[in-house]
Amino acid sequence: MSEPLLRLEGVFTDIEQYHILQGVDVAVPAGEVTMLLGRNGAGKTTTLRTIMGLWRARQGRILLDGRDIAALPTPVIARAGVALVPENMGVFSDLSVEENMVLAAVSGPLDRARLDWIFSVFPPLKTFWKLPAGNLSGGQKQMLSVARAVCEERKLYLIDEPSKGLAPAIVGTLVKALKDLKAAGATILLVEQNFSMARALGDHVAVMDDGRIVWTGAMATLAADPALQEKLMGLSMEGGHG
Amino acid sequence: MTDPVLETKGLTIRFGGHVAVDHVSCAFGAGELTAIVGPNGAGKTTYFNLISGQLPATEGQVLLEGRDVTRASASTRTHLGLGRAFQLTNLFPSLTVRENVRLVAQSKARKGFDMFSMASRHPELIEAADHALERVRLTRLADQTVSALSHGDQRKLEVALLIALQPRVYMFDEPTAGMSMDEAPVVLDLIAELKAEGGHAILLVEHKMDVIRTLADRIIVLHNGALAADGEPAEVMASAVVQEAYLGKEIADV
Amino acid sequence: AGAASAEIRIAHVYGKTGPLEAYAKQSHTGLMMGLEYATGGTMEIDGEKIVVIEKDTQLKPDQGKALLAEAYGDDDVALAVGPVSSGVALAMLPVAEEYEKILIVEPAVADSITGENWNRFIFRTGRNSSQDAISNAVALGKEGVKIATLAQDYAFGRDGVAAFKEALAGTPAELVHEEYVPTDTTDFTAAAERIFNAMKDLDGSKKLFVIWAGGGNPMSKVNAMDPSRFGIEIATGGNILAAMPAYKEFPGMEGATYYYYEIPKNPINDWLVEQHEARFGSPPDFFTAGGMAAGLAVVEAIKKAGGTDTEDLIAAMEGMEWQTPKGLMKFRAEDHQALQSMYHFKIKVDPEVEWAIPELVRELTIEDMDIPIRN
Amino acid sequence: MTELAPEHRPTFSRASLADRLSPHAPVLLLLALAALGWLAIDQQSSWLTLTVSGLAMGMMIFTMAAGMTLVFGLMDVINFGHGAFVSVGAFVGVTALMLMPGMTAEASIWLNGFAVLLAVACAMLATGVMGYAFERVIVRPVYGAHLKQILVTMGGLIVVEQLIYVLWGPVEIFIERPAAFQGAITFAGAALEKYRLVAVALGLVVFLALRLTLKRTRIGLIVRAGVENGEMVQALGYRIERVFIGVFVAGSALAGLGGVMWGLYEQVITAHMGQETMILVFIVIIIGGLGSVEGCFIAALMVGLLQNYVAFLAPKAALISNIGLMAAILMWRPQGMTPVVKAK
Amino acid sequence: MLTRILSGDMPRSRALSLVLLVIFLCLAFAPFLFPGTRSLETAARISVFIALAASYDLMLGYAGIVSFAHTMFFGMGAYGVALACENMERGFLPVVVGTLAGALLAAAVALVIGLFSLRVRAIFFAMITLAVASAVAVLVSQLSAITGGEDGLSFSIPRELTPAFRFAEGKLLGASLNGKLLNYYLVFGGSLVIFLGLLRVVNSPFGRVLQAIRENDFRAEAIGYRVVAFRTLATCLSAACAALAGSLFAIWLRYVGPGTAMGFEIMIDVLLMVVIGGMGTLYGAAIGATLLVLAQTYLQEVMAGAAETTAGLPLLPDLLNPDRWLLWLGLLFIASIYFFPSGVVGRLRQARRPAGRT
């Protein structure tokens, strides 16, 4: 397999006095979707934030295209082609939906075509284009947050629980949208609790617990093996859906 | 049936031109768990906000145990028995977990204006708090500051606050959003228990279908702010509006 | 105590720091030069060394009280001099009474210091606002002159106008309009308009007399709306040198001033000017003269009383006459206010000089003004 | 892929008249004020004089307030040190002017104007640099903590004022305006001070410049977003702290400009002159609504007009006119007339 | 026992306990430890300002409300006493009447401001109070007939409280046993009571609610606390305490004036005290007040010395000139905000409990 786009090697991250990440090794191959799963508090969000440079890794290397970005300031990392959809959505509630999008388009004015695509996936954004983002509904905020990340070409998308609070139909379209993105050659590192969505999207899986990667492998393998799922994430109530 | 615990009559709110909640009339009885579903932006949270008093209604009434509380402040409604957990976690970040819950218990006990005794000399409040934490399995984190909690744990604490309040009406807004499959049950079982206790009405906004199937006695569907359907889970799920407007195609077979 | 008896301690309690810092510096220089001159440079009065203890009120009345109390109580000074601001002075008066020691007020101007709040331990070498107002009234009050006043709307302004009005009554001129504006006014358009409307239809020579303390600079602002349209001239009292450049706009303007270094002709002033120029490269100013007067008074009094016992000093000082840069001064027995000359001036502009020059028109001597006794 | 999306057609009813008018309310209010003045004041000439000078005063207040709203509204930083910048601006500018008597002595619009512009440039440069230092040393560590900002900038204020004493001495400095800007032109029986007309012009320039930069560039957005969630702005790829410094420096430079204008208006400058204007500035900012340049502008004009009218009609009331105005506006719109950011 | 007096809010740090103990003892025995007008003056001032700063901390540190009108309330207390003593005949009655009147008025005004403007958030409240305070200050100087205007009022208090009254002959440890001594202990005792009272309040259920509101007022309302009511009550309470402190100050000085009792400088001083000491802990207020008053009183001496030694060097003497003491106080204070972000107290008790941050 070719050199992955992103590779974490023995990353340790502390937050205040707590040791949160304790040696995370994970590889994100280019042009594919890697799922990051794990119970609450496993360290998924922290991992994404560490890649983005929002938490500093105490030790270990974070290689993007073979270049160590562990020490770079967040904006530089972003400009290097990394987009983040944070767990708390991070929409700017004082700014209108439009202004949120304008800010997200770093390299110039918003690209019409892409915008239309976004509207087709998340219609409410069009409806409330001028509304302060703070007034959006929970799900609409989530949509905006994703839309911001995908409003321009990026090498790598870090997405933290995008389906959170989305109606099933929207989840459906979201999945489709991410697939389009992947088809367009993007690389995605996705944190997701909704296993059915995970299964629908993921090529590779990395399961975290207590700040370490406890299992990595192909999605197919995990999906095929309920016992393994049970063991890794205790997907007890993941009964028949649909 | 017995007269409802909570009732809304023609409840409406406009933001500028946009009608976010559109003449919703609905009654919720004791011991009944009603799931509120609908596309994003359908007006679910806003409907909650109108009921719990975070937003002023443009039209219509909110009746709590037959009493009109439409003009009452959020805090008054809370004291009258409306308990609400928020969709976006909303806590006291730099206080400890226990203190968060203790404050609720204190409010319940109406000790807020007592300024001559020592807070530390009200053991009953602290017990109440610990009990609530016990029920959401957060006891081990009781002395952490909230900001240090992971998202999932914060969601649980959100529920714990509600428990400590012991309201007549429980309002949950996507309580398990962003919770992993092994954590969600803690909260869901808890909601089931509350339902079993009976005596209070439970409103639940949820997007996870399986959750609704397992818990709900009744489903109401909001769509574009209006009441689109209301009835037995099975039949509502089957209804056209829900199928195309809400569920869309299932993911598995995309 | 042995050491203490061999020296005469004097406290100078004044607002070294704070908005009036400039005045304070002058006042202290003056005081020291006064003592120097009076003791012929020895800083001793028949063998006893004069020690001046400085205390900074920071223009805070409470500080003033405390520091004066400290001076009297702990440093046991013979007498104290100061302060700059009237507010502080008024707060300090009771302390003097309590410790039964003398306070020579310099240069605070409020009438009430030698008026209702006065007590027998208070003397004042500085002028009081009545002296200012009256001298100006005498200077302006000619036949057929119509006068309007512009003043700040608080005690100082209103008292000033009252005194001015009272004095004006004794002259043929008449007061036609009083305008009061908030203390911190910076825009005088409205006030000016009101005054113009009040005066434009009158005839005869019209003057607008400005009584102002602090910033805001009303004169040139009103002037900028050219009152000459309505034949109105602006008039005001003298001011410290720093403020005199602003007077350049008003050549020929008349008024009365407290001091200008070229005006008084006497040996003390000559010495002061010459020495001041020599030491600081600038001419002495209002409060330098005032401070010096105080310094001279102190030495004079102690010599006359033959010691520093308070009662002797009071006896000696009541009615005492002594020479100062402003010529003869006299503590009158009733309210211990030093009577002194003021100077009726006319502004001359000389491009060479950076400020406008108040030229002496006539010296208003003690006899020319009868200053009411208000205690 | 559209067919996948649930059709989402929120119901819209026609917005009420009030809703559609409210954005323009402030402007209308301003006009109403002027009209009221016109009715209340019988002498036309007086009204004209008062109005023009009121507007000019407003413009000057605006130039002093603008920097503060910018910093305060956008960056959510309460810079009590702003007053100090105004003072420094005045001192530097005036000193500069005094160094070129040749250009200010005889009345020539061009020479004098140029001299003033030079002085302004110096002042803005000085305060700009100061602003940079201020941001780095003083404000930087306390972003988001209002109390500490208030305090620390207050400390800065004290220090800067004291430094002015050290450098320029404690004496207040009196100055003459350049000859061309002295006196007034009489027009329709009203005397309009030349300098005030200059002030009006300058104020307008500043206003338009600010508007343009905030409308045309992303800077405004970046800063506002950055205040709410700096991490996210960085994650989008913006060097937030650089932008912040930029804004702060700009704000300080504006204060410098305001200082020179104010100094030339007062014709006497003191170390605490800036601080003395601050209350007025605050009032204007509050009335206008945090961070809104437009709001600040209109509010400043309102204050200027009202002050003059009231002072003319009922001098006693002039004391409380501003506070009264503020109270009234806040009753009507608790966030100020046109808030850009919500008061936190 | 001690726990009860301190309302269970223990210093929780040996160093802190020590500092507090020293301050307490020094104040309690000031007249005998440091004889002399100046030092007694300082001690009294410290006592009063500890009470004032503490009352301000209730608003600032606990309720998270930034107010600039605090010295206005302080002034109301002071003027209350002054006017009463001025217009009633000499004795203890006017003192009591004035004190009560002042406190009540302060609470009332606070109520009005609170109800009117506490709906809007912190910054606004700050500026509104700033404006109101400045307006009141102007009013005071306007009504010179009653208030003595800019010049203020010097008034006479019961003879028992003045140096003139000696209740015993001779001296005790260098302190003459006169009314001034009594006066001091009145001030000291009064301040102590106010401080302990406030300590109780902030550790009561009410105090906890205030912290909750500071953290997240929206949620506080949602769990059943009437935010406006709590904020307003807190404001009134702290206003009343400030007024009481003001009364003590007036009794001690036997003088009030706009600058002394209402000046903006004092407002700043109080802010400095609370922050330097550490917000959200009354002990901080106590320490801050002590430090600042000492600095104000003795910094100049120190500098005079420094100026001597550096004489001859360029600029330095200018900077060290005693008249520039404010400069150094300013620097000192800026520095302190960085080096003790959570105040001296925070420094002394290195973040034992994660107390509320603002």
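Labels A, B, C, D and E are assigned to the chains in the order they are written; within every chain, residues are numbered from 1.
Please note the rule applied: a contact is a pair of C-beta atoms (placed from the backbone, for glycine too) under 8 Å apart; a residue touches a chain by one contact, two chains touch by 3 or more.
Here the structure is a predicted model, which is why all the values come from computation and not from measurement.
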Subject >> Chains touching both chain A and chain C, listed by label >> reply: D
Subject >> Chain pair with the greatest number of C-beta contact pairs >> reply: A-B
Original post:
Of the other chains, whose C-alpha centre is the longest way from the centre of chain E?
Top reply: A
Subject >> Euclidean distance of C-alpha centroids - chain C vs chain D, Å >> reply: 39
Original post:
Which whole number of Å gives the spacing of the CA centres of chain C and chain E?
Top reply: 36
Subject >> Intercentroid distance (Cα basis), chain E paired with chain A, Å >> reply: 53
Subject >> Distance from the mean Cα position of chain D to that of chain B, given in whole angstrom >> reply: 46
Original post:
For chain E, which residues are shared contacts with two or more other chains?
Top reply: 138, 142, 323-324, 326
Original post:
So which bits of chain D are touching at least two other chains?
Top reply: 4-8, 10, 165, 170, 319, 342
Original post:
What positions in chain B touch 2 or more of the other chains?
Top reply: 39, 41, 245-246, 248-249
Original post:
What residues of chain E sit close enough to touch chain D in their complex?
Top reply: 60, 66, 116-117, 119-124, 126-128, 130-132, 134-135, 138-139, 142, 268, 271-272, 275, 279, 315, 318-319, 323-324, 326-327, 329-331, 333-334, 337-338, 341, 358
Original post:
Which part of chain A faces chain B closely enough to touch in the complex?
Top reply: 15-16, 18, 38-42, 45, 87-88, 124, 127-128, 135-140, 142-143, 161, 164-173, 175-176, 179, 193, 195-197, 199-200, 233-239, 241-242
Original post:
So in the complex, which bits of chain D are touching chain C?
Top reply: 43, 46, 49-50, 53-54, 57, 165, 170-176, 182-184, 186, 191, 193, 195, 265-268, 270, 272-273, 276, 307-312, 315-316, 318-319
Original post:
For the complex, which residues does chain C have touching chain E?
Top reply: 16-17, 21, 56, 59-62, 65-66, 69-70, 73-74, 86-87, 90-91, 93-94, 98, 110, 112, 117, 153-156, 158, 182-183
Subject >> chain E-facing residues of chain B, complex >> reply: 52, 54, 73-76, 78-79, 84, 86, 90-96, 99, 102-104, 106-108, 111-122, 145, 161, 165
